[in-house]
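Take a look at these structures.
First subunit A sits with subunit B, and in the next complex the same chain sits with subunit C.
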Partner chain A sequence: MVGKKLTKQEELLLQDFSRNVTTKSSALFYGNALIVSAIPLWLFWRIHQMDPYQSALVWAAMTIVSTYLVAFAYRNTKFILKHKVAQRREEAVNREVMKSLGDDKKMSRKEKDERALWKKNEVADYEATTFAIFYNNAFYLVLAIILSFYILKTTTPTINYILTVGVTSGILALFSTGSQ
Partner chain B sequence: MDTTKMCKFIIVVSLALCTVVLAVAGETCQNPSVASQVYSTHEASVVVNTALVAEFTLKCSNGVKNLALYAEINGQFVPVTKNEDGTHYQVSWVGEHKQAPRGVYPVRVFDSDGYQQIKKAQRNEESSGAIKALFTLSIDHSGPYRGPWLQSEFIAATTAIIVWYCAYTAKSKLQS
Partner chain C sequence: MRLQLVLIGVLAVCFGNADEDHGPAWLLASKTLHNQFVVEGKELVVEYIIFNVGESAATNVVLTEESFHPEDFELVRGMTKTKWDRIAPGANVSHTIILRPRVYGFFNMTAADVSYLSSEDASEPVHSYTSAPGEGGIMRYRDFDRKFSPHILDWAAFGMMTVPSLCIPFMLWFRSKSKYETIAQQSRKTN
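Then we have the complex of A and B:
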C-alpha cells in the first residue's frame, strides 16, 4: 500500500472525512474570526469608555486569543455540518451534474460519478463554511452583548472586556466540539 | 383775618391730602406692562427635580419701580426677587417631577396690598382665588424627557437573540 497512488474517489473521501481545511477556507476562517473578535473593541472603546492607548496590549492579546478560538469553532462546526449538507444536497447535485454531462458520450459512468461526487463535495464545503461562519458569528454577538451589558455590567471595563471576549470565544469553541 | 386763616388752613389740609393720595398711589403699580421669559426643566433622566422659572420686567404707567411683589406659582406663595435697580424680577419654583406634570402653569403676581389680602383670606380660611392679581404670567411646561422607552442595549440584545435563534433553528433542521 505504501507509495500507491490514491484514486480521485479515495482522495475525495479522505478530504471529506478530514477536519483539515484548505488554505482558502483557512484564510476565510481566520479573516472572519479576526473581524468578529475586533467588533467588541469598538463597543468597549466608545460605550464603556476604555482608553485605546492604555488598553492596547490587553486588546491585542484578547483579540488574538479570540481569533484563534473562533476560527477553531468555525472549523469544527463546518466539519459537523458538511456531511449533513452533503446528504441533503446529494440528489439535487447529482441531477444537475447528470443533466449537464448526460449528452457527453466520451465520459464513462465512473467519471460522471466522480464528477458528481466532486461537485457534491464542493457544494457541501461551501455551504457548510458559510453557515458555520454565520451561526458562530450570531452566537458570538449574542454572548458578547449579554455578558458585557447585563452580566458583567458592574465590573470595571478592563475586566469586563477580558471576561466577555474570553468567555464568549471559549463557549463558542467548547460548543463546537460537540458531536452534533 | 379769620378768612385769611381759614384759607390758609384749607390750603394746608388740601396739600396734606394730596400728599397722602400721591404717597398711597405711588406704592401701587398702575396699568402694568410686563415683558417675560419663562423656563421649565426639560430633562428628567439626570436631573432630579423640575424647576419653573419666570423672569420679567415691569413698567408701570405711574413710573413706580422697585416694588415688593409676591407670586402664586404651582399652589405656593413665594416672594419675587429683583435686581439692584428694581427693573428685572424673577420668580421660581422647584419640586419633584411628579408635582409638576405637563401643562400650563399660571403665575399670579401680587403687590403688597394683594399679598396682605391673601394673608387675611388664609387666616380666615377663605379661598384666595377671588383676589385680583396685579398681572398673571403663564409657564408652558412640556414635561421632562425621561429617556427612551427601550434601552439601546435591550434592542441590540433582542435583535441578536432573534438572529441567533433563526440560525439555531436552521442548524437544527440541517442536523435532523
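Then we have the complex of A and C:
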C-alpha cells in the first residue's frame, strides 16, 4: 500500500473528508478573519473613546486571538457546508460539464465523470468558502455590537473590548464545531 | 381742654411721621448653575438673582464673582463684576455669565460677593454672599461624549467598513448559487 498512487477520485475523496485547506484558502481565511476582527476597533476608538496609543497592546493581542478563532470557525463551517452544497449542486454541475464536454469524442466516459466530480468539488468548495465567510462575519459583527453596547455597556472600555472580542470569537469557534 | 388739645397734637405728629421711617434694604442673592452636566470644554451657564426683601431701596449694589479662576474657566460671555445703581424694595434683578471649564475633576463652587448700601444715607456698605452651589464634578469631555453623543457619522463609517466583509462574500456565493439553481431548474423542465 505504501507508495501506491491515488486516483483522482481517491484524492478528491480524501480532500472531501479532510478539514485541511489549501494554502490559498488558508490565506483567504486568515485575511478575512483579520479584517473582520479589526473592524470593531473603530467602534471602540470613536464611540467608547479608547485611546489608540494606550490600548495598542491590548488591541493587537485580542485581534490576533480573534483572527485565529474566526479563521478556525471559517474552516469548520466550510467543511460542514461543503458536503451539503456538493449534494445540492451535483445535478446542475453534471449537466453543465456534460454540456461543455458532450461533443468531445476523444474523452472517455470515465474522464468526463472525473471532470464532473472535480468541477462539483470546486463549486462546492467555492460556495462553502464564500458562504462560511459571509455567515461568520455577519454573526461576529452582530454579536460584537450586542455585547459591546447592551450587555457590557456599564463596564470600562478596556474590559468591554477584551470581553466583547474574546466572547464573540469564542462563540463563533464553538458553534462552528457543531456537526450540522 | 388745653391739655387735651396738646395731647391730640402730639399723637398726630407721632402717627404722621410713622410712615416716613422705613427699615433698611436687605438683599438675598442666589447663584445657580443651569447645566445638568458640567463638562470640560462645554458652556456652563451661571445665573445670579438678587432680591430686595427690605423696606428701603438698596443702592450701589455690586456683585463680584471671584471663584472661577481664569486658568480653570474661560469667560465666554458676561462680566464677573456687575453694578446696579438701585434695587427698589420688593424688586429683583438677575445677571448671567457663561463660562467654559478648561479642566475636569471635582470643583467647589463657592458663593459670590454682594455689597450694597442699605439706605440712602448709609455710608458703610453691607457685605453679603450669594448661595453656593457646592462641590460638583466637571465631567471629562471624552466620558460625556461616550455617554451622550449619537455618533451618527461614526456609525455610518462603521457601516461602510462592514460592507466589503459582508457584501462581497455574499454576492460571490449568491452568483454561483443562482447560476446552478437556474441550470437545475432548466434540467428539471426538460426532463
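Before moving on, here are some points about what is shown:
Throughout what follows, the second predicted complex is superposed on the first by the 180 of 180 C-alpha atoms of A that agree within 3 Å, B and C clash if a C-alpha of one lies under 4 Å from a C-alpha of the other, contacts with A are read in each partner's own complex, and residues count from 1 in each chain.
Everything that follows uses one rule, which is that contacts are C-beta pairs under 8 Å (C-beta built on N, C-alpha and C of every residue); 3 or more make two chains touch, one makes a residue touch a chain.
Fair warning: this is a prediction, and the values are worked out from it, not measured in the lab.
In the superposition on chain A, A:Leu163 contacts neither subunit B nor subunit C.
Comparing subunit B with subunit C, the partner in contact with more residues of subunit A is C.
Of the two partner chains placed by the overlay, only subunit C lies in contact with A:Glu96; subunit B stays clear of it.
Once chain A of one complex is fitted onto chain A of the other, the partner contacts of A:Phe139 are limited to subunit B, with no touch recorded for subunit C.
After overlaying the two complexes on the shared chain, residue contacts for A:Phe149 are found with subunit B alone; subunit C is out of touch.
In the superposition on chain A, A:Phe131 makes contact with both subunit B and subunit C.
In the superposition on chain A, A:Ile39 makes contact with subunit C only, while subunit B stays out of contact range. On subunit A, the surface touched by subunit B in one complex and the surface touched by subunit C in the other have residues 131, 134, 138, 141 in common. Against subunit A, in their complex, subunit C makes its touches with residues 142-143, 145-146, 151, 154-155, 157-158, 161-162, 164-166, 169-170, 172-173, 176-177, 180-181, 183-184, 187.
Contacts from subunit B toward subunit A in the complex involve residues 153, 156-157, 160-161, 163-164, 166-168, 170-171, 174-175.
Interface of subunit A with subunit C (complex): residues 32, 35-36, 39, 42-43, 46-49, 89, 91-93, 95-96, 123, 126-127, 130-131, 133-134, 137-138, 141, 157.
Interface residues of subunit A, counted against subunit B in their complex, comprise 80-81, 84-85, 88, 131, 134-135, 138-139, 141-142, 145-146, 149-150, 180.
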